[in-house]
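Every chain is named by a letter (A, B, C and D) in the order it is written, and numbering of its residues begins at 1.
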Amino acid sequence: MTADDLVSLRRDLHTRPEPAWREFYTTARIVSELESRLGDDLTELYVGPDALATDQRMAVPSDAELTHAYERARGTGVDESVLEALEGGYTGAVAVIERGEGPTVGLRVDIDGLPREESDDPNHAPAAAGFRSEHEGAMHACGHDAHATIGVGVLERIAESDEFSGTLKVFFQPAEEVIGGAKSMAESEHIEDVDSLLAMHIGLDHPTGEIVAGIDGFLAVRHLEAEFTGESAHAGGHPEQGRNAVQAMAAAVQNLYAIPRHNDGKTRVNAGRVEGGSASNVIPESARVVGEVRGETTELMEYMSEECERVLEAAATMYDCEVEIETGAEAPSATSDQALVDLVADVVGDVSGVENVLERDDLGGSEDATFLMQAVQDNGGNACYVGIGTDHPGGHHTATFDVDEASIGHGIDVLAGAIERIARTQS
Amino acid sequence: MTADDLVSLRRDLHTRPEPAWREFYTTARIVSELESRLGDDLTELYVGPDALATDQRMAVPSDAELTHAYERARGTGVDESVLEALEGGYTGAVAVIERGEGPTVGLRVDIDGLPREESDDPNHAPAAAGFRSEHEGAMHACGHDAHATIGVGVLERIAESDEFSGTLKVFFQPAEEVIGGAKSMAESEHIEDVDSLLAMHIGLDHPTGEIVAGIDGFLAVRHLEAEFTGESAHAGGHPEQGRNAVQAMAAAVQNLYAIPRHNDGKTRVNAGRVEGGSASNVIPESARVVGEVRGETTELMEYMSEECERVLEAAATMYDCEVEIETGAEAPSATSDQALVDLVADVVGDVSGVENVLERDDLGGSEDATFLMQAVQDNGGNACYVGIGTDHPGGHHTATFDVDEASIGHGIDVLAGAIERIARTQS
Amino acid sequence: MTADDLVSLRRDLHTRPEPAWREFYTTARIVSELESRLGDDLTELYVGPDALATDQRMAVPSDAELTHAYERARGTGVDESVLEALEGGYTGAVAVIERGEGPTVGLRVDIDGLPREESDDPNHAPAAAGFRSEHEGAMHACGHDAHATIGVGVLERIAESDEFSGTLKVFFQPAEEVIGGAKSMAESEHIEDVDSLLAMHIGLDHPTGEIVAGIDGFLAVRHLEAEFTGESAHAGGHPEQGRNAVQAMAAAVQNLYAIPRHNDGKTRVNAGRVEGGSASNVIPESARVVGEVRGETTELMEYMSEECERVLEAAATMYDCEVEIETGAEAPSATSDQALVDLVADVVGDVSGVENVLERDDLGGSEDATFLMQAVQDNGGNACYVGIGTDHPGGHHTATFDVDEASIGHGIDVLAGAIERIARTQS
Amino acid sequence: MTADDLVSLRRDLHTRPEPAWREFYTTARIVSELESRLGDDLTELYVGPDALATDQRMAVPSDAELTHAYERARGTGVDESVLEALEGGYTGAVAVIERGEGPTVGLRVDIDGLPREESDDPNHAPAAAGFRSEHEGAMHACGHDAHATIGVGVLERIAESDEFSGTLKVFFQPAEEVIGGAKSMAESEHIEDVDSLLAMHIGLDHPTGEIVAGIDGFLAVRHLEAEFTGESAHAGGHPEQGRNAVQAMAAAVQNLYAIPRHNDGKTRVNAGRVEGGSASNVIPESARVVGEVRGETTELMEYMSEECERVLEAAATMYDCEVEIETGAEAPSATSDQALVDLVADVVGDVSGVENVLERDDLGGSEDATFLMQAVQDNGGNACYVGIGTDHPGGHHTATFDVDEASIGHGIDVLAGAIERIARTQS
């Protein structure tokens, strides 16, 4: 069973989902939880800019968006001094417990929400139980509210543990959904001495009570943004004088999805957000596509990226428009180390409520945790990405996604157990 | 020469462009000008809901948009009691001068701005002279600031005239750009007793000093809005579970413009504003097209409208999405009566600064003034749409549009002269 | 009434439709008719290469196609010596009657068929009456069988006339449907001394008994052929290794039709014939579009042509293909001279069976007769394009097109009458 | 070393590539080779209809195509009585050697060519050595000329072998490239008593000297043919009266390739052959797509098939056209049995010239051999698909494909060796 107060925490975070680099309330709330729950057991707490290589943030939103979210957080009663530290979109935190001799174990949990509306269907649990998102156009549709809660729970458990000797660092990472945050933590000093890193995700189509010891199959990913510029004209009087950026964009979208499939493995493309034009009677002079490409390997991702650029440029040319393409945030692939996979699989046997353990499974998506995993592995350490099953009514990133709160307890049990075991093993 | 104070009025309106049904500041400013300039000479002034058949407004924006513009206007110091009358988007005014026996002459001027950003090029006159739009994303890019000013100027001139006997009604019409306002004035009581109606437009590729006595060639127009609904999914993990509304929209846009040309005359289609999707990693579940069709005749407009609907529906089906299509505001065609065209052409000879008069020309666009023209003509009256040339650096509806302020004086001279002549002729 | 033997001629030509530059049987049959009907009244008969500026032929088909049609004609029993003169696709003829003093009057009739299958619906008159096309994939779907017959009939009538003094030249022109033949006649010596030229077309949505004295509104036209080249690959094994020419072609087609409409007048584009690829399991390495653009003026045609080229090139780039674009045959616009229009309109009054005469109408299509009209007009002569109404069940160029044979007689009456009148007037 | 006379056979077959169901010359030549090489050692030879379940042929071409190929074969001097047996497209043969007690072993080789032009680059070996395809538009671009030769070679080897006891049946299968032939052999009586089946393919990106003991990863496949029907019209005069089948087809092609990728595995779609329209000045009334879908599993192939149908139907609707979709030939997936894979891998060690053996590899394409493999496996037998490496300059199905003739010998050695071993093992 998950402690009621952790469920409260998760639900509170759920009502205030904050997308990438706008996790102001979220970070402040985590800080306040840690301080009240751990007190002196918390050796260090690095907040906001102190937790990051600040020049390595990717996919930071506009000042207007940052300010809007910041002001919203200020109205909630959280500690203003913490908020001030985060201003400008330096969110996230690294919490450290040092407890004698032993290895340094890292745990990475991500904390950001998604820019999408949550279902208001009365059968959707958050709506029914009164903790539906209060932020218009934002939702914890991927379970990071539960991740952050598990991070807090693991710290609390280890603080109370008799079986842990060593150092635990929990990375409360911002901006995963835009694959924008992990790199700035992976390039900070905090990762340098980590001997073993655990990362985790809830759900992923695994039911409550099922654990995946080692997740692989991370798709390499790159974000793309294309801005088409043409020329406006009166749509009734002189359509021929326009250079129609929306036609260019539409031609691009149609043909982006039609890039040939590749025999070497999975490829993906998505024009996830588009917009263009101004009014019905004006030939559109601008249009924009915000999208992404992925590949089962970095090479496949690069293949998609190159094809995309050619399609975008040709579509612009087709309508005598210009296009500026910016490649944004990206993340590599990574693999869970067998030693840690075995260890996690072994620990799971002792966890109450867990009925099934899979040794390996594929993510089938992307994750910037791979930056942190690679950093640790490059330093000679081990890394493992653990899946915590949860019954979820809607798919990830959809309006009806939700988690079975029982799985929060499973996550804490599995991860705290693995952390104790790592410390014991590596001492 | 245009009086300096009228130039000031035009520039002030230019800095505060307000798109359809949000002409709060604009209406209040016009009211205050008329009261101070005409005083007791103004027989009646119908403001906002009193000027309209309130249930005939078309293309009214959302409450949020109305409120945003309303609150902005409240901060400008205009008369709050006038503003309150307009609340909810009941903008515009009808000003009446009754002066003895004689016919009732109408003049229609439109007052709304466009939802597009104005150029900040230092060579763009409004930027250079300090009256560039202060409203982000809005601009007087079609000269309605000058139209409103001409309306005020004509009322002032007739008030001071010795040669006018009869009734003058000036219709300060809102929401022309969305062809949403004229119908509600055409169905109000104010149009019923109008014997002769003049409407006017500045520019239209005619230079300063050129007047078109009778403009025709109005394209019939209809607004369309299509909302595509699919199903979201994680773009990396399960693209096949999505039903991609942006792909549907892009297919629609491409094929809308490819509707066959028609041998019977001009046809138009424009997907003027599109948007869709939420985030780069989510298969888009919704997308929207705001567009329009036009035709040289109502039949041709209907042809385009039917073809559009089929394309939109098929595009939705193609991606297993649904689409809801709403047809919005529309306007018919109309013709200027020869008697008034002759009269205007005759008057123009006396106007200083006018060097050239064309009897007829085609608009090549659409105009909801046609509702008012038809209403008057259906009642047995005459109507005429006059073009007032003005040098304009950029085309209508583009970021660098501007008017030559000398043409404001030409407009007042021509229209006031024609009104006097009509009154004299028809008495 | 049309003479039965002329109806027989028309029906015989109808059964053997021969598209551009393959009018072998057609030319030979016309030659044989003229020789038997006119005998010594025929002053000169220039056949095939003698009728043309042979280096000015446009849109000549492949040797294989020429040979196929030539061999087919050889099997029909027509005069082999005439056929031999035509070999290689030098078809058509110029027939001359010289009769004393007077002007040189030209009449141009076109003689080619279209590459399309004729309807086999038993209600389709040619099918019902047993003269449906015997040439697979070819059809007289535009009435040129009737045109050729009228040319023969007019020569016969003038040969028998007491009222003609001067010279008559009838141009039996090949390859009109590909706008490929008129130029080579317009650049031949035969046109140089023509003082007045009549050209004609049957049908054009005018019913039997209606004559249009002067047709205008010829759309300027240009043919385009685009050959896309990519790279083939196994569609199952390595789709990513292909560069898909059919995708490029499809993108081009979609966007060609979406070129913006032009406010200055009619524009047209058609991808009339496309093909690409080889087998279902091979990524297509080649594809082809055979199309055309038109415009109400030459400028509008050029606008379309330039836009097309950009679309074709961008579509190729989009799929990493190459494209070779060849612009083929083209024709300018032209206008019927008022003096001839008046003369024709006047003559029509005397023709039995004609109930209605329109002074002017627009063609709304293209015609390479404009080359001949321009040549005569450039030499100081007059030209006029006459419309001979005929009830036609299906539209021009469709499978169920047919002519009302009564209109053949109307055509002969109107044109021979006009020729007599011209000779009389200009002497 | 491959015997010179087998090289001659292969080259002769190479010059006369015959696509699906037109293997008239090919079959007759194989028959004549077998008769002259094996004489009385050949127990039975079932030719044409005697080798097939004649009502199970799929993807049979038109009578005209069959007749054309048949007449061509008649001109080559092959045995007319054999040809007559094949008339109507009943091609292929089953050759049987019965030699005492023992199991019945099958070997399947396919014999058809592809409908694509061969390279005439002088560096392309067949062009250089004078055995380039003499059949316009056809080519052995997948090595089936070598397959047929290997089939003959294996029969000859076994006929001469001291180590074989049992029955050998070699299936010379027609129409593999259209996945049209295997089913009719799989449903014939000849397969019923086969205990072990070997199938084989040359090349597949494996170099000369490399053998794959067991190939898997066959993609399930289905052929699709879509016929769009609209309405023609004159492209200049009345484009609006047409219903453009080429626009419908182009919209379909663009969107077929854009069907979402599926996370469960490989999916494929190809519009391998398209055509439409008639002439540049006629709005196209018909268009056709010949294509295919594939999937790593039958479910994935069905997913693609359903999506395709929706896209095709919606594209037709979009342009007010009709579409008829026919699903054609198809093939399932299959797996090589481990026992045979082990046996083949073991045999390969003894074969001279073979330097490398892979136990397993994926085909990544489709093959109708799966019908025969399934039939044998369903009867309780074993099946195995063997890959024979060959250096090939161009990819399979491309104009520069060719085989290294040394690999013909490897194929005979490996397969004959395996057949002997199977007989020995299973006796």
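Note that a contact is a pair of C-beta atoms (placed from the backbone, for glycine too) under 8 Å apart; a residue touches a chain by one contact, two chains touch by 3 or more.
Just so we're clear, the structure is a prediction, and the values are computed from it rather than from any experiment.
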item: Chains in simultaneous contact with chain A and chain B; value: C, D
item: Same-site or different-site touching of chain B by its copy chain C, using the half cut; value: same
item: Reference chain D; chain at largest CA-centroid distance; value: B
item: Between A-C and C-D, the pair with more C-beta contacts; value: C-D
item: Intercentroid distance (Cα basis), chain D paired with chain C, Å; value: 47
item: Intercentroid distance (Cα basis), chain C paired with chain A, Å; value: 67
item: Junction residues of chain B, two or more chains touched; value: 237-239, 244, 247, 251, 254-255, 257-258, 260-261, 263, 268, 283, 364
item: Residue numbers on chain C that touch chain A, as the complex places them; value: 237-240, 242, 244, 247, 251, 254-255, 258, 260-264, 283, 303, 310-311, 313-315, 317-318, 320
item: Sites on chain B touched by chain A in the complex; value: 114-116, 177-178, 204, 219, 221, 223-224, 231-239, 241, 244, 246-247, 249-251, 253-254, 257, 268, 270-285, 287, 290-292, 294, 363-366, 395-399
item: Residues of chain A defined as touching chain D within the complex; value: 254-255, 257-258, 260-261, 263, 266-268, 364
